[in-house]
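Two complexes follow with subunit A in common, the first pairing it with subunit B and the second with subunit C.
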Partner chain A sequence: MRHSLSLQIGPVAFRIGSAWRAPLDALAALYAGYPTPADGICDFTVRLEPDKPWRRLIRPSVAIRGDYVLPDAAPLSLAHGLLAAEMGMNLQMALGQKTYLLLHAASVEKDGRALILTGESGAGKSTLAALLGERGWRLMGDEFALLDMDNGLLLPFPRAISLKNGAIGVMEAEAAPERFGPRLIGTPKGDIRHLRPNADALARMGEGAKPALILFPRFGEAPAVRSVGAAEVFMRLTQASTNYVTLGRRGFDALTRLIATNPALAIDYPDTATAIGLIEDFRQELAA
Partner chain B sequence: MSGARLLVAALRDPTVAVRDWTALISAARAEQLIGSLAFRMEARTLPPRVAALFAAARADAAQARTQALWEAEMARRALAPLGVPVILLKGTAFTPPIWTRASAAASAISTSWCRAPAWRRSKPLCSAPAGSM
Partner chain C sequence: MPGPQYHADPEAAVKSVALDGLSLIFHAPSGMTHIVAPPAPEILAALRLGPAEVGELIARLSAWYDFEGDAAADAIEARLAELESAGLVRRA
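Now for the complex of A and B:
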């Protein structure tokens, strides 16, 4: 590859190669302050390549390739090269992560207690995690939560937060402008703007935390809190995991231990202030 | 050195000096030989990150093997009443995840890890003579 960049994010290191300079410049700016892997070895390689050789120069289009690929993924325009790099890293984790049980979930930590927020796209987990990360919690990740199957600890994976559409304005009011990437307009998921987690989240990216509560948030409903039974939590978390099946018995043991040792609540909320209030209440109950 | 050359060198001699682990791992995944490489280098002292990746790759291969053999056993049970010989073409090796790139080399190698365990080989899992798979 013509251009290359290595990033350490939590326990995972990525090498991102690109046929163009621009996506890696954008990536380096967004990930300013992230370490490079201390051992010089990367867990995963992402490659941003022209879909066809001439597409490097003529109407350039970025195909997301790497150690693991989706054969029929549509290429992105070069203007969305940063998004391609982000999607490439997501893809490696979703298809290739075999060391940790991977949950499609956001996670935050305070006083050594980690919250796992999971739900379908649009449930608001990224937005809530981003907001909590600016309000005294440590952001561990907005997209993937990594469960260490040996000791049950949740490990941080503090990638840049992917804010979509309405969430962009919410976070622009909270965080300093230099922590944002460019606004990417008209992507397949609408408008996207990435936000670098704060200095505390980066400084503690090697520090795991004990899970304390599993939350299933749902945006756009009247406020409601419901306790979720173990069987339902199990079913939902197996659906939220990308590698539960391939991990076999180790995955089952780790997931059932997580569920057996943590309360789980489904919360409906009409606005983020309500959700944050509920979560602060839960935190005080857990501390009591 | 290209990734493919690195991979060939490492599979031929698992004690070979490796300068670019990232390239080797990437090439091994592309050829679906990461499990083979992990087993080949099992006895070797490795950088901690590589050791963890290879341990996960070995566990993954073991799980894939369990699943493939389970499917074969289910097929055997379903077909048993017919009393006809059952032939597993190239074992049950053709169960790679659909999203990874298949390759001829990987298919050829993977026949070796789908051999049934000894206790199973004595059963009519396959019509071929025992040990010929």
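Now for the complex of A and C:
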């Protein structure tokens, strides 16, 4: 590849290669302060290539490729090259991660106790995790939670937080402007702006935490909290895991242990202030 | 005429965890996970004693649990058919 960049994010090392310089410059600015892989060896490679060879200069369109490829991964315009790089990293993790049980979930930690927030797209897990990360919690990740199958610890994967539409304004009021990437307008997911996690999240990206609570947040409803039965939690987490089936017995053992040892709650919330209040209440109950 | 003999995989091939009144079963030969309700785990346990036809299976279960009548036997036959289609029970 003409241009490349290596990044360490938690326990995972990525190499991103690109036919163009611009997406990598944007990525390097967004990921300022992240370590480079210590041994130079990368777990995953993402390649941003012209959709057709002659398209590098003429109406450039970025195709996402890598070690693992989805046949229908749609090309994006070069203006969205940063998004292509991010999506490529997610794709490699989702399809190729075999060391950890991967849950499509956000996670935050305080006082050594980690919360797992999972739910469908639009449930608000990214926004809640980003807000908690600015309010005394450590952001471990907004997209993927990695469960160490040997010891049951949750490992951080603090890539840039992908803020969509309304969440962009919420976080612009919370974090310094230099931590944001460019606002990407009109992407397939609407407007997107990436936010670099804060210095504490980066400094502690090698530090796992013991899970303490599994939350299923749902935005836009009247406030409500209900306990979720273990079998339902299991079903929802297998659906939220991209590699559960691949991992076989190890994944089964790790997931059943996670569920047997942690309470799970579904929370409905009409606004983020209510959700944060509920989560702080849970934290105090866990500490008591 | 005796009916077909059914058998289940040995305990080593099937990891079962009870959660919340249900059982999660990891079936190693297929790599599949199943969520089952009673009396499915009890049927599997009874078949691990050795292959059995339906009548013998019901007799084994009756020795462990209190149930009476044709309705219980019908329910066990229905669960057995479901376990067979899930690949957890096979005809010998």
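Heads up, the rule we're going with is that the second predicted complex is superposed on the first by the 288 of 288 C-alpha atoms of A that agree within 3 Å, B and C clash if a C-alpha of one lies under 4 Å from a C-alpha of the other, contacts with A are read in each partner's own complex, and residues count from 1 in each chain.
FYI, a residue touches a chain if its C-beta (ideal position, glycine included) is under 8 Å from a C-beta of that chain, and two chains touch if they have at least 3 such contacts.
This structure is a prediction, so every number in the text was calculated from the model and none was measured.
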{"item": "First (subunit B), second (subunit C), both or neither touched by A:G96", "value": "first"}
{"item": "Which of subunit B and subunit C A:Y68 touches, first, second, both or neither", "value": "first"}
{"item": "Touching partner for A:A260 - first (subunit B), second (subunit C), both, neither", "value": "second"}
{"item": "Contacts of A:F252 with subunit B and subunit C, given as first, second, both or neither", "value": "second"}
{"item": "First (subunit B), second (subunit C), both or neither touched by A:F234", "value": "second"}
{"item": "Contact breadth on subunit A, by residue count: subunit C or subunit B", "value": "B"}
{"item": "Partner chain(s) touched by A:P35 [first = subunit B, second = subunit C, both, neither]", "value": "neither"}
{"item": "Common interface positions of subunit A, toward subunit B and toward subunit C", "value": "248"}
{"item": "Of subunit A, residues touching subunit C in the complex", "value": "229-232, 234-235, 238, 244-245, 248-249, 252-253, 256, 259-260"}
{"item": "Residue numbers on subunit A that touch subunit B, as the complex places them", "value": "13, 15, 37, 39-43, 45, 66-71, 95-96, 98-99, 246-248, 250"}
{"item": "List of subunit B residues in touch with subunit A within their complex", "value": "21-23, 25-26, 29-30, 47-50, 52-53, 55-57, 59-60, 62-64, 66, 97, 99-101"}
{"item": "List of subunit C residues in touch with subunit A within their complex", "value": "15, 17, 19-22, 24, 26, 28, 31, 33, 35"}
